[in-house]
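One structure, as structure tokens, below. Some questions next.
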Amino acid sequence: MELDYTLILDIIGVIAFSISGVLAALRKRMDAFGILIIAFVTSIGGGTIRDILIGAPVIWMTQMIYVYVIIATTILAVIFRKKLAFLRKSLSLFDSIGIGLYTVIGIEKGLKYGFSPEICIAIGTISACFGGVIRDTLCNEIPSIFKNEVYATACILGGVSYFIFLKLNFPNGLIFFLAGMTVILIRLAAVVFKISLPSIYKKEENIEDYW
Amino acid sequence: MELDYTLILDIIGVIAFSISGVLAALRKRMDAFGILIIAFVTSIGGGTIRDILIGAPVIWMTQMIYVYVIIATTILAVIFRKKLAFLRKSLSLFDSIGIGLYTVIGIEKGLKYGFSPEICIAIGTISACFGGVIRDTLCNEIPSIFKNEVYATACILGGVSYFIFLKLNFPNGLIFFLAGMTVILIRLAAVVFKISLPSIYKKEENIEDYW
Amino acid sequence: MELDYTLILDIIGVIAFSISGVLAALRKRMDAFGILIIAFVTSIGGGTIRDILIGAPVIWMTQMIYVYVIIATTILAVIFRKKLAFLRKSLSLFDSIGIGLYTVIGIEKGLKYGFSPEICIAIGTISACFGGVIRDTLCNEIPSIFKNEVYATACILGGVSYFIFLKLNFPNGLIFFLAGMTVILIRLAAVVFKISLPSIYKKEENIEDYW
């Protein structure tokens, strides 16, 4: 039963990521196929890299539900694209749930395959973030998560919290829930209060000068 | 004997893709090594992603013929680059044969590894299209197949036709031939009659307005 | 004991590549996390692609030393970024040692997994060069190694020398040393004497004219 619950949350993440892919592709005026591919890589890119890195079978290739959800979301998002503005705030919510869940699922998959905590945190963060990195690269942009957003930071902190809760001998389901919530709340707080990482650059600093 | 015939067609595809890679690299004024690498990734990028996704050994790493053909094609294409304009129409033909063949080979490889029809069609389309996606990404362009070309669409329709012919119990060789021809003819028709997908954008529609 | 010596040289390569990643990310004014990720992919991107292609476990996922060195280097490079100009020449040296070592390690890993000499040279070159390719792609630039630099060329020539020394029945350690030095010296000579590949373009030649 818990599996189904996870699947539902996972699907919410896929939907949110697909919509963000559709929007990025629409902005570049891609054709119908381009939009579908961008939605696809945004949703499953992170998980694909995760599975290739750890040597596991690539998940969307054996669980058809992902492909169907992405196709349906893409069609609906294109048709109702004018209405998406109203969804903007809920989208941040879905997206935050998505990265929270992807981070923890990635960590647990890493643990199952015998990797160390540090590597598991990296795997979780990659699962959550690299779909967006591929999306932006294919759209010929510098990946947005590299530019002043508390996004990967939320995943990393949530990942650290996972191993703290594990050390404290919390039960498994609770660790999953608490670490996922840590990611989600940090990310949501950053969106709501417009928090960004402290800049490492001084005003008018020009790196070219040093080099 | 059929295997040799497939290999010949496969080599034609590799040549066509290598030439398109050389041309893209020349336009960006890359050096000799850059041109070779772009020719290489354009030719074998799609197949490499296919093999990594399905967990198969990467084909060009064990069959040296690919590497030799790509190197020879690149050298000849650079030397005779002024003459390539005359090849333009034949190139579209070679290229279409290439994607037709790559699509069907990808589908059959997917079936051999036990994937479902939908995933096999995705695998075939990725085999045929992602070499060009990597080529354009490394050349710092938005992948051309995402912009109003009946390219991946031809692969997807050909892939669907493959499973229709399979359902009709056609013999294996005939299915291979008919599905490949479906891809090739749709792609060639699009090139010859300058057909593109119907635009999903209204005139002067600005996606930024909604968001 | 030789293993430790190799590890030390390997770490020097990782440090040099991390610093080049940090500098590229600083130029794009990325945030702290973006800088870390770029340092990471520059250092371990080539080796990751190598391991995925040959079907080996990805090395940095089981040897934590890489992750720690990259994180420490990134933090120090960001803090002391004004001082890096003084390191510029030593950096070329470190970087050259890095690609020399990565090339030979890649070749030997390829041989261990049973690949042919040509493919092993390709694997070595990919190990040494593709970290930089991913770095530049994520920074939305055309990869610098594709543009008139004797970089991959040094790796390929060093790789060829490896198999010449092997044919001459030199002892293993000596082959490793000589082939690595070939890469390093060609690369350093190109940097010091500002050598680049002969241009294949005629003055004011415009490839668009042919096409």
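By letter and in written order, the chains are A, B and C; residue numbering begins at 1 in each of them.
Methods note: a residue touches a chain if its C-beta (ideal position, glycine included) is under 8 Å from a C-beta of that chain, and two chains touch if they have at least 3 such contacts.
This structure is a prediction, so every number in the text was calculated from the model and none was measured.
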Minimal step count in the chain contact network, chain A to chain C: 1
Classification of the chain A:chain B interface as same or different, half of numbers criterion: different
Turn needed to bring chain B onto chain C - CA fit, degrees, nearest 5: 120
Rounded Å distance, chain A centre to chain B centre (Cα mean): 30
Multi-chain contact residues (two or more partners), chain C: 52, 137, 140
Touch list for chain B against partner chain C, complex: 23, 25-35, 37-38, 48, 52, 57-58, 61-62, 64, 67, 78, 81-82, 84-85, 88, 137-140
Of all residues in chain B, those that touch chain A in their complex: 52-55, 115-116, 118-119, 122, 133, 137, 140-143, 145-149, 151-153, 156, 196-197, 199-201, 207-208, 210-211
